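Each of the next two complexes has chain A plus one more chain, namely chain B in the first and chain C in the second.
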Partner chain A sequence: MSGAAAVKHVEVIEEKSRPTAWQLLMNNTLAAIGFYVICAVVVIAVIAPLLPIPNPDATSLAERFLPFGSEGHLLGTDHLGRDVLARLIWGTQISLLVGVSASIIAAFFGSAIGLVSGYAGGRTDNLMMRGIDMLMAFPYILLALAIVAVLGPGLMNALYAISVVNIPFFARNIRGITIGLAHREFVDAARLSGKSHLSIILTEILPNVMPVIVITMSTTVGWMILETAGLSFLGLGAQPPQADLGSMLGEARTQMFTHPFVAVAPGLMVFIIVMSINLLGDGVRDALDPRLRAGALSRPRAVTRIERRNTPTSQPAGEAALSVVELETSFEGTKGPEPAVKGVSFSLNKGECLGLIGESGSGKSVTALSLLGLVASPPGIVTGGRVDIDGDDILSMPETQITSYRGGKVAYVFQDPLTTLHPLFSIGDQVAEAIRVHQPVSQKEARAKAVELFKAVRLPDPEERASAFPHELSGGQRQRVGIAMALANDPEIIIADEPTTALDVTVQAEILRLLQVLREERGLALLFITHDFGVVAQICDKVAVMRYGEIVEAGATEEVLRNPQHDYTKRLIACVPKPGQGRAFLEGVRALLDREARGGA
Partner chain B sequence: MFGSLTRIIGPDMLAYILRRLIAAIPVLIGLSIIVFLIMALIPGDPATAILGAFATPENVARINQQLGLDKPLWDQYFIWVTNMLQGDFGRSYILNRPVLDEILERFSATLILAGTSLVVCSILGLLAGIVSAVRQFTWVDRVVTFFVLIGISMPSFFLGLLMIIVFAVQWRLLPPSGMFAVYGGGDLPDLIRHLILPAATLSVVATGVIARLTRAAMLEVLRQDYVRTARAKGLDERTVIYKHAFKAALVSVVPVIGIQAGFVLGGAVYIETVFQWPGIGAMLVKAISTRDILLVQGGVLVVAAAYVFFNLIADVAQALLDPRLKT
Partner chain C sequence: MEKAIEVTNLVKTFGGKRTLFGGRTHEVQAVKNVTMALEHGETLAIVGESGSGKSTLARMVVGLEAPTSGEMKIAGRAWGDLAAEGARAFGNMIQYVFQDPVASLNPRKTIGQTLDAPLRLLKGYDEAKRKSRMRDLFDAVQMPSDTHQRYPHEFSGGQAQRIAIARALAAEPRIMVLDEPVSALDVSVQAQVLVLLEDLKKEFDLSYLFISHDLAVVESISDRVAVMYFGEVVELGSAEQLFRAPEHEYTERLISSAPRL
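Here is the complex of A and B:
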């Protein structure tokens, strides 16, 4: 986690020349295709009067249903002998015009409502949004139908109907952003400088919500073109002789069985327009607001990618339960892999507790997760080193075998139990599941064992709590569940990744005491990851200090505490306040930080 | 898993359902006000609008009296709602039958069509979304993404026509229109044969939307800490994906399925017209052309109420999945 954050930080610094939104858009192949196609369609529609095409309304009964590619009628003629190509081009013009107008009207009124509602807040906001909710409670097209029913069929009425139906989308999106802006400092400043509300909305807020308006427009305009065409298709939009793509399709429907092409041409045109607008709209959204990008995340694999460049063969003999040699883990960046763990070695004997200490970003969590391939991958890759558990090289095993170690011989306890326990399963089920992965017992037996484990970690009312969900427990109780889950299959090694960091101090002390007792009772080896030397002093036999992905100092805890060699270690130790030290503590820390700053400069 | 069964029917769930039902009441009232106001905005004399241009003075007087059209707007609304609650939606003078009878008959046909589509699009959309998330960046993912893109850009009325041209006219596999064969039809296999094309067409867009969202939700969830915990327990990848990740992703997909119910009910307007399915959508289009105002009013209200109900079901399903939502 912390390692990934560090890598991201590096990227931000290196990518000073960020591409503009336009470059991002054009780099997106699909969006670029959409852009060029819709441009071509728009250009043809705009220059329609200049094109050498026949009058789209000129009927000629002698020339009915001329086939595709006829002399003078490239796409043939329809049931009244009218030129299909000419009608297609003029129809496209009308459809585009109506769709874009509807979108502008909806954007205007929707944004106005959203801005006022979000800026005013309170009762005005409440009232306006209830109204918008009501409009959204109708199935989309149905409301448009009701409006057309009142206004009567016709292209303009269809335009109004589609606009009204789309107002809620704009109103809601714009309101959401405006609420966030309405109490920002620059708005307060404008208010204090005596600007009127209207001028604040127009000059301070509107420029900031403009991207959202553009995104909403680009993602809804295709839809609006489609729906106005739909109303025309039903005979409720454009009325003859006026024809948009929808009404062309509707008219051609009656001859569909004999002359399908006349119907296919306008339908295909609507499809091409909507598809290219959708491609472009998705591209605009991704370029302007990368956070909204759907599916941009890549799926993490079951086991971290392992591509070792160096595989140390030597490994310390003896009864080390866990030995790590020259472990190297990197994250894929824009410029190749960025190492987060750079050749870390340590070993952990049976029944021993090793503290791995360092500040966030030092690579300690990544080290812990690398041991059983739990680093999210992509972007993580184990690029080198060796991890031996009871003398077996883990990183050379097939994935299923690595998986079988997880929660069996080696168990993890993670930092924040609210996010690390599954929110939708009861804690009893979650622990029982961990048992059943490794032990051939029935659901009922597993559940009974889970309750036993809850007793062992001193969870109050274990029988009853077993069917509780994580959100129903306190932070300390949740961490007890996390520990119970780790104990489920009598592991030899527990890897605890900042298990107490998210807890308050008294709960932290209880959890540490619990871990200590369990370790002694069960002879566990404990790898304890933390940033707090106070905790290390309390429970660890050995300590390894990590910084920038490397171990800078290691040894017996007392030795390191008494006589720290590395400056960084001294600083970490100085961060632990001692009772009675008073202000001197801060002075000491400040002196160390100053020295660090001078050394760094 | 079975431990949670007792919770499903537990008192807190019942209380939740009751709360949602009560919360639906103001929405329904709001809907009825909007429908009423829209119809009250019709220009000209409402009685003439309802009865048509050739109405006799006696009928106009009767309508005025019946609907309280001489009274203030608020009283009119009240009379209208009271009548509806008693099952009196007025009378269609064009069809010459009570509006409610017509609506109920039509609505059952729409429910068959829309319900089938909703089931189809949920199943296909979820499957496609999961597969393309799990096999991200493989050809399967590309094929799904491509079809989703086509599906959500394709005008359903055009797709319907293509379906008819290909499957009914060219290949003669399925009937092009109607709900039952005119001669010798009327049984379930006959209904299914007539249902396939319109239901398939109607579910395309919703399938695309659900697939897209499921893919995004799965990818999001697979990055969560609790999925890492599931892996750290030693679970195999199938359990991680289909139990842990899918259940969490489903929580955000279910409300979207509820919203799709609205698109399916609305989209039925086109599909019923294209396939001449005797549902409420086709009825509304016809009623708008013939300016049969009471029929439009009743039809819109019933479909909107059905949508509220579908969303309610989606809310309850979501709360069943996610215990955090019950409180």
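Here is the complex of A and C:
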């Protein structure tokens, strides 16, 4: 129970340290400027009736074309002697109103179509999307013109036209997201909870789609205001004498060359509104997008930041191919760096296999990635320790030298090769590229070597398969390619991070056999990261058990499995069901849990 | 006693539809002519590797997928009748626990809101009763009672799976389909969840259809085992006998491939 409490505690801290969407928005200077400008514009437009400005429609032919700064007419007058400032403020009010309502209408209908179409799929989806395609096939301004031509000119009709024209944009966006959500497990679960389709769309899917709708709206409002202005400019929107930014521009057009200042004010206003809305919209998008919020898109550095507080000087003893001393890797937190790997030491000899075993969050993967500075930085920092490969301290090398080790002397094999292989290049080309990064050979030679490697990893039909793409291979074959790529430059050390976890048992057995054979053939040192004691027992000579960033027990595999010393190791081993044990396993676990509960209380 | 689930000559084919220009799309037979039965109060495990059709079979049983042909009876009632009545008819009798517990909880709803749906829609309880039931359910899966006001991301995988089990139990089903319920969990958590499932089965008189690729896990919890291979059941027998003396060549290969301590 104390473990659970600790987990919760950590969650609470994280929750607080993560900035809210509002804070993120305000941290973005441009978005903040956009926000304040548009707020000012909106406030002025809203309080227009209270402002001491003349009637915007009052004509006075005697006062035509007064310049800027005339008495009583700060921004001058137009061709009918109407006050430009007053018309500008009232016009802004109307333009904003039309733009915002159009985007709300478009968002409502577009999202509804997108949700239904994405959720229903099949024929409904096809029918609705072809309809949307037809709308999109017309250039938007033509379509808007056609709609206004049918309905007749007028502000309301322009609003309808602009809404209709923008529905496809929302529908397509929302449909895409909905399709991804409709097959998620929580939707199936909701169906089994007795929810109807309508209630699933409204209460399960909509909340997940809402941020996207808001983002899409915030980025389209500016565009819609421009379109309203465009229609009014053509005389199809606001009708005289009503003022609106577009119609003001349209009326000023005829006097463009004699009295240019009349067009300047509405032109600038449109610019200010659209610019500030777009800046704000971009800010909103950045703040609401969870990937951006987590900082995932900030580009990590080539090598993890290294700020070692202690650098052990002791030279590793003996023939170790890889030796790690007191390695400490931390992640930046609100209260300074928090260590995820706390002083881990181990060594790996040539031709040896060391298993690093632990449960999720034990720091085993971070340890593996730290060895060649592959932990994403920020937020990762190597805060201490020493990593020696063939007696050279890696962490004190310059960046370029560290990167030259990657895929050269030390190679990694990851859990799912589908995510590490590039989907658009053939596997032969990818392995050839890996070879050419480290060796000065021609494309042809590299390709030939790639085929040889495929042979070495027992990929069936290596010549033909070399031109296959990753998705054409099965999971086991892809992992063979991953291993071939790791072997590309005759590494001395292979670091395999859960290489068989995503595979079926029969395939896993084959891959483990392959790794074993390659290790013997090539004298490789293998660092094998896993959560599975069975796998460790099968291929590792030594094992180190990790928990909370520390190695709690290490030793020869046989020894540790047969006679575990640390309580945690004992517990882990007890929790692995063994073939042939049958129902006795659960009895054993029950006894263990009871003992712990009593011990804990 | 009537059988919890009875499946006869069940077939499920994906694709194979006629396209606009007269051709046919690629056809895959996910489940080929499967016949099996889950006895009342029993745990029947379905073992197989990815692509063997075990999840498709499970999804059909709970009504999330329609069979191409064949018959199914859930607690004595014909599948077609239940399907005609809609998702609620299934939900009342049979519930499903998914492999990835976090993905099976809506990230934007509190646990309370998620658990409320089956209690309200399937059981029709009033608010007071729903509250007290929710407390009982959290007790049953050993979660603290303030769980209901939290969001899924605040829980670890093991806790989320307990919550998912509580959600399935909320419908008071007779039968539970457990689709790799412990595969995504750490070993020590896996063991705890297995013990929990075993206890709940006794407490609520449930029958389990337990889908897994992990033979050792299956052996520890099931009474009978069905081995699926490319959509077919190649072997079906009592757990003990099947693991001691596998008859089919594929079963043998599965057992010998499993890593041993």
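Worth a mention:
Simple rule for what comes next: the second predicted complex is superposed on the first by the 413 of 601 C-alpha atoms of A that agree within 3 Å, B and C clash if a C-alpha of one lies under 4 Å from a C-alpha of the other, contacts with A are read in each partner's own complex, and residues count from 1 in each chain.
As a working rule, a residue touches a chain if its C-beta (ideal position, glycine included) is under 8 Å from a C-beta of that chain, and two chains touch if they have at least 3 such contacts.
The model shown is predicted, which means the values in this text are computed figures rather than measured ones.
Applying the stated contact rule after C-alpha superposition, one finds that A:300 touches chain B and leaves chain C untouched.
By the touch criterion stated above, A:146 is placed in contact with chain B alone, chain C being left untouched. Comparing chain B with chain C, the partner in contact with more residues of chain A is B. In the overlay built on the shared chain, the residue A:367 is in contact with neither chain B nor chain C. Of the two partner chains placed by the overlay, only chain B lies in contact with A:419; chain C stays clear of it. Looking at the shared chain after the overlay, A:479 reaches neither chain B nor chain C. In the superposition on chain A, no residue of chain A contacts both chain B and chain C. Contact residues on chain A toward chain C in their complex (touch as defined above): 4, 7-8, 11, 15, 184-186, 188-196, 203-204, 207-208, 359-360, 475, 504-509, 512, 531-535, 537-538, 561, 571-583, 585-586, 589-590, 593. Chain B meets chain A in the complex at residues 1-4, 7, 27, 30-31, 33-35, 38-39, 41-42, 133-134, 136-137, 149-150, 152-158, 161-162, 164-165, 169, 212-213, 215-216, 218-220, 222-237, 240, 244, 247-248, 251, 261-263, 265-267, 269-270, 273-274, 284-285, 287-289, 291, 293, 296, 300, 303-304, 307-308, 321-324.
The residues of chain A lying in touch with chain B in their complex are 130, 133-135, 137-143, 145-150, 152-153, 222, 226, 229-230, 233-236, 249, 253, 256-257, 260, 263-264, 267-268, 270-271, 274-275, 278-279, 294-295, 297-300, 302, 372, 374, 376, 400, 403-408, 411-412, 414, 416, 419-426, 428-429, 433-434, 437-438, 443, 447, 466-467, 469, 471-472, 485, 488.
Across the complex, chain A is touched by residues 49-50, 59, 62-64, 86-88, 90-92, 95-96, 98-100, 103-109, 114, 117-118, 121-122, 154, 156-157, 159, 164, 167-168, 170-171, 186-192, 194-195, 198, 213-217, 219-221, 239-240, 243, 253-261 of chain C.
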